[in-house]
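Sharing a structure here in structure tokens format.
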Amino acid sequence: MFQYIMKRLIAMVITLWFIITLTFFLMHSIPGSPFNEERATSEAVQRNLESFYNLDKPLYVQYGSYLKSVVTLDFGPSIKKPSQSVNDMLGRGFPVSFELGIVTLLVAVFSGITLGVIAALRHNGFLDYFAMSIAVLGISIPNFVLATFLIQQLAVKVEIFPVATWSSPMHMVLPTLALATGPMAIIARLTRSSMLEVLTQDYIRTARAKGLSPVKIVFRHALRNALLPVVTVLGTLAASILTGTFVIEKIFAIPGMGKYFVESINTRDYPVIMGTTVFYSAILIIMLFLVDIAYGILDPRIKLHKKEGS
Amino acid sequence: MEKVLEVKDLHVTFSTYGGEVKAVRGVTFDLHRGETLAIVGESGCGKSVTSQSIMRLIPSPPGRIASGSVLFKGKDLTKIKEREMRTIRGSDISMIFQDPMTALNPTLTVGKQLVEGIIQHNGSTQQAAKKKALEMLTLVGIPDPEIRFKNYPHEFSGGMRQRIVIAMALVCEPEVLIADEPTTALDVTIQAQILDLFKDIQKKTNVSIILITHDLGVVAQVADRVAVMYAGKIVEAGTRRDIFYKPQHPYTKGLLQSVPRLDLDGADLIPIIGSPPDLFSPPVGCPFTARCDYAMEVCDRAYPFKTHLTNEHHVDCWLQDERAQKMLASIK
Amino acid sequence: MELKKQNDSNIAPDIPDDWFTPKNKDQEEAEAVVRPSLSYWHDAWKRLLKNKLAMTGFLFLIALTIMAIFGPMMSPHSGSQQSLANQNLPPSSEFWFGTDELGRDVFTRVWQGAQVSLFVGLAAALIDFAIGVAYGGIAGYKGGRTDNFMMRIVEILYGLPYLLVVILISVVMGPGLFTIIFALSITGWVGMARIVRGQVLQIKNYEFVLASKTFGTKTGRIIRRNLLPNTMGPIIVQMTLTVPSAIFAEAFLSFLGLGIQPPLASWGSMANDALSTILTGHWWRLFFPALFISLTMFSFNVLGDGLQDALDPKLRR
């Protein structure tokens, strides 16, 4: 198990380094200086700015200092809003985005698994078709469409929920709903198909032959095995929720990381883009890592397999 | 002899896209206390479906017990409520399946899987159940049961897993044990060990065993009585001696001729040509007609009457009719 | 129907004597296979035809393709022609889907958007297919160290947050149709490569492939006759599911302002432009692009599901 964790850990660091490097060189391959397009600045001011942001040094020096700053978790100042550091923005935006993301993930996972299990247990019955219709719709409707629809219906037409911002639990309902529907649908479909597959397995028949009640069979024998594939997609789902927050935060005017990220894209604020990208990637890669570990714990076969393999 | 289980005129159908498959078409047999009844036949003849129907374990839908009865302790198992059936499964009647590799839940320790059945039926404490489970593991010949109790199924070999499956089936001391091809997935040497284990356990517990198999070698080793199934019907049944020394049905004879024997030359192996009929629309007459060397006009037109040769030995075949005997004699 | 031995004679009643004559039979009857066997593709197609939802999706996509080509010609208004007099008009007999804030005809723009969306989706799927099949096929077929090395690269790429990379590339290359397709394919082929490799690896060890190898069948023939037919199913399904995710990605990028730039229109950019209509009430500007994105994604998804069921050899009955 320890070896397995170490192996995943090393892979994680490599991926992270790859992203940092990719981000850095992509940003620096853009022709021209970020200050050129701005209102006319004098040569001297521009040079001053460039030296402040280290842009006058050779590329490898800049790369080195950037790596160093990433390792020390200091992403430097913003170009467009020099009074603010990228860290300030992350510090302000992250808690909000994190809250939105975690709540969404929990809602998606629990409702998705519930829908999927119900559908599988009522295979080809009314509830199955009902749950899967919701799921197909959930996959087919992009979150920004759903978000605008929800605002139009539940905030503007019938004023049940507030339209925008992030200040009370009521404010969280619509964004969470809009963001969670897609991942929920994916989880529901996956849970259903994997549950159906597990229910045909011999060990389920063995459990039935033991005289166990359907409830025990589902919860003790089927669910755990059926959820293994669901665990594997949690990492990618977290990624899709995360990118989803860009859109949702924009629509609902939520002051999260996503909003800063979208703004920085529109204003070409490179340090912010770089910092946020690296930060996002780190979160996602850590998610993937945790998912791998969780999988190793849930499936006892993994450990032995790795032991034999090494 | 005391009858433990009586199966009467059991019909089982499966509805599929192509139509209704009549998998079991009127099966009748008794099981006596402490005996081993073997049900033999080739794949798809309905032997597994029969055994799973007794336990009401056929997947439903699409499967359905269309008619007939299964009497156990004065109750018709096909009629009782599912809740009551659950108290019988694993406690009074238990079952062993073909593939020990897939019959155990890969994510639970074998100990947990053993104990849950005991707790379910006997309502005993965790500790009492564990003690019982350990006894059972020892009985089926698992070394170091205390340690193995905490292992996962993938940490056992195939033969060991089948022993665990057997322990799981016997842990509540059932009266009937249904073993569906319990040795098919195992090596030949392990097969012999497992069969010995069955005999041993039967001596100790006096359990009645229904052994489903296609392997006449296995039948010869452990069965007291044999029922030969073909296309959803029992075409011949009798004691082991009846079936091996006085087979009457051409199908039974064919089966015996297709088994390799040490005392005969290999050249004597004769396969049964052809394949069983489609059970979507089973033939009106004898289903074996198309493959039978002795087929007569009557065979296609009507299903043969059951002829009792002795109390135990009976056969469904038109050759038993005297007119057929005369006809055969005249040809020769 | 039971007959007991009565007086030592065993004669069934009601059965005429002349039925007890040897039956004329031919060998073929015993050997006859009762059910007609269908070829894999024929069988799959038949099962797909039975799946009403998948066929609905399929028909919608055909209709959409036709409209994407001929739709813009059906309306007298061009999609880029601005007109101050016709700002934000609701749907009418003149403007079937209404007009936007620049007075452009939404009907024409929706079909122009369909062209962009379908083009992006199909291009991404085809590029993924080409790279993924080649890469995954080689890795799976070669096996060993080559496979190990190639899969390490894939693993790293797979760990990258897909849409983030797409955003980064779009920022660097500047928004546009080509950028989107490029950005989508740079990470998109990884999924296909993994599927193809997995399939090839699995099938390579199947007994029937081993059997043809022992008969001395040539590699090319093995790939053509054994590997390809058996991997095509999952590949087709994956392609069907790539299209909607590419369409979604395009809409997503356009929504962030990184996608299609004016005067070109895509469903995503139209929805983005129409965001304010939540409050102003010009619902048609948001409704039609949103409707068609959703319907298209829906159709591809149900078609993909249907194909998955139809092409799964395990589900053959």
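Order of writing sets the chain letters: A, B and C. Residues in each chain are counted from 1.
Heads up, the rule we're going with is that contacts are C-beta pairs under 8 Å (C-beta built on N, C-alpha and C of every residue); 3 or more make two chains touch, one makes a residue touch a chain.
If you want to know which protein each chain is, UniProt gives these names: A, C = Dipeptide transport system permease protein; B = Dipeptide transport system ATP-binding protein.
Bear in mind the structure is a predicted one, so any value in this text is a computation, not a measurement.
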Between A-B and A-C, the pair with more C-beta contacts: A-C
Chain closest to the middle [Cα centroid of all protein chains]: C
Inter-centroid spacing, subunit C versus subunit B (mean Cα positions, whole Å): 46
Mean-CA-position distance for subunit C and subunit A (Å): 25
CA centroid of subunit A to CA centroid of subunit B, Å: 53
Subunit A, residues touching no fewer than two other chains: none
Complex contact set, residues of subunit A against subunit C: 11-12, 14-15, 18-19, 22-23, 26-27, 29-30, 136-137, 139-142, 144-145, 148-149, 151-152, 156, 239-240, 242-243, 246-247, 250-251, 262, 265-266, 268, 273, 277, 280-281, 284-285, 288
In the complex with subunit B, residue positions of subunit A that touch it: 200-203, 205-213, 216, 220-221, 224-225, 298-301, 304
Residues on subunit C engaged by subunit B in the complex (per definition of touch): 1-5, 9-12, 15, 17-23, 25, 27, 29-31, 33-35, 317
Contact footprint of subunit C on subunit B as seen in their complex: 16-18, 273-275, 277-278, 289-291, 294-308, 318, 320-324, 326-327, 331
Contact footprint of subunit A on subunit C as seen in their complex: 155-156, 159-165, 167-169, 171-172, 244, 248, 251-252, 255-258, 271, 275, 278-279, 283, 286, 290, 293-295, 297-298, 301-302, 305
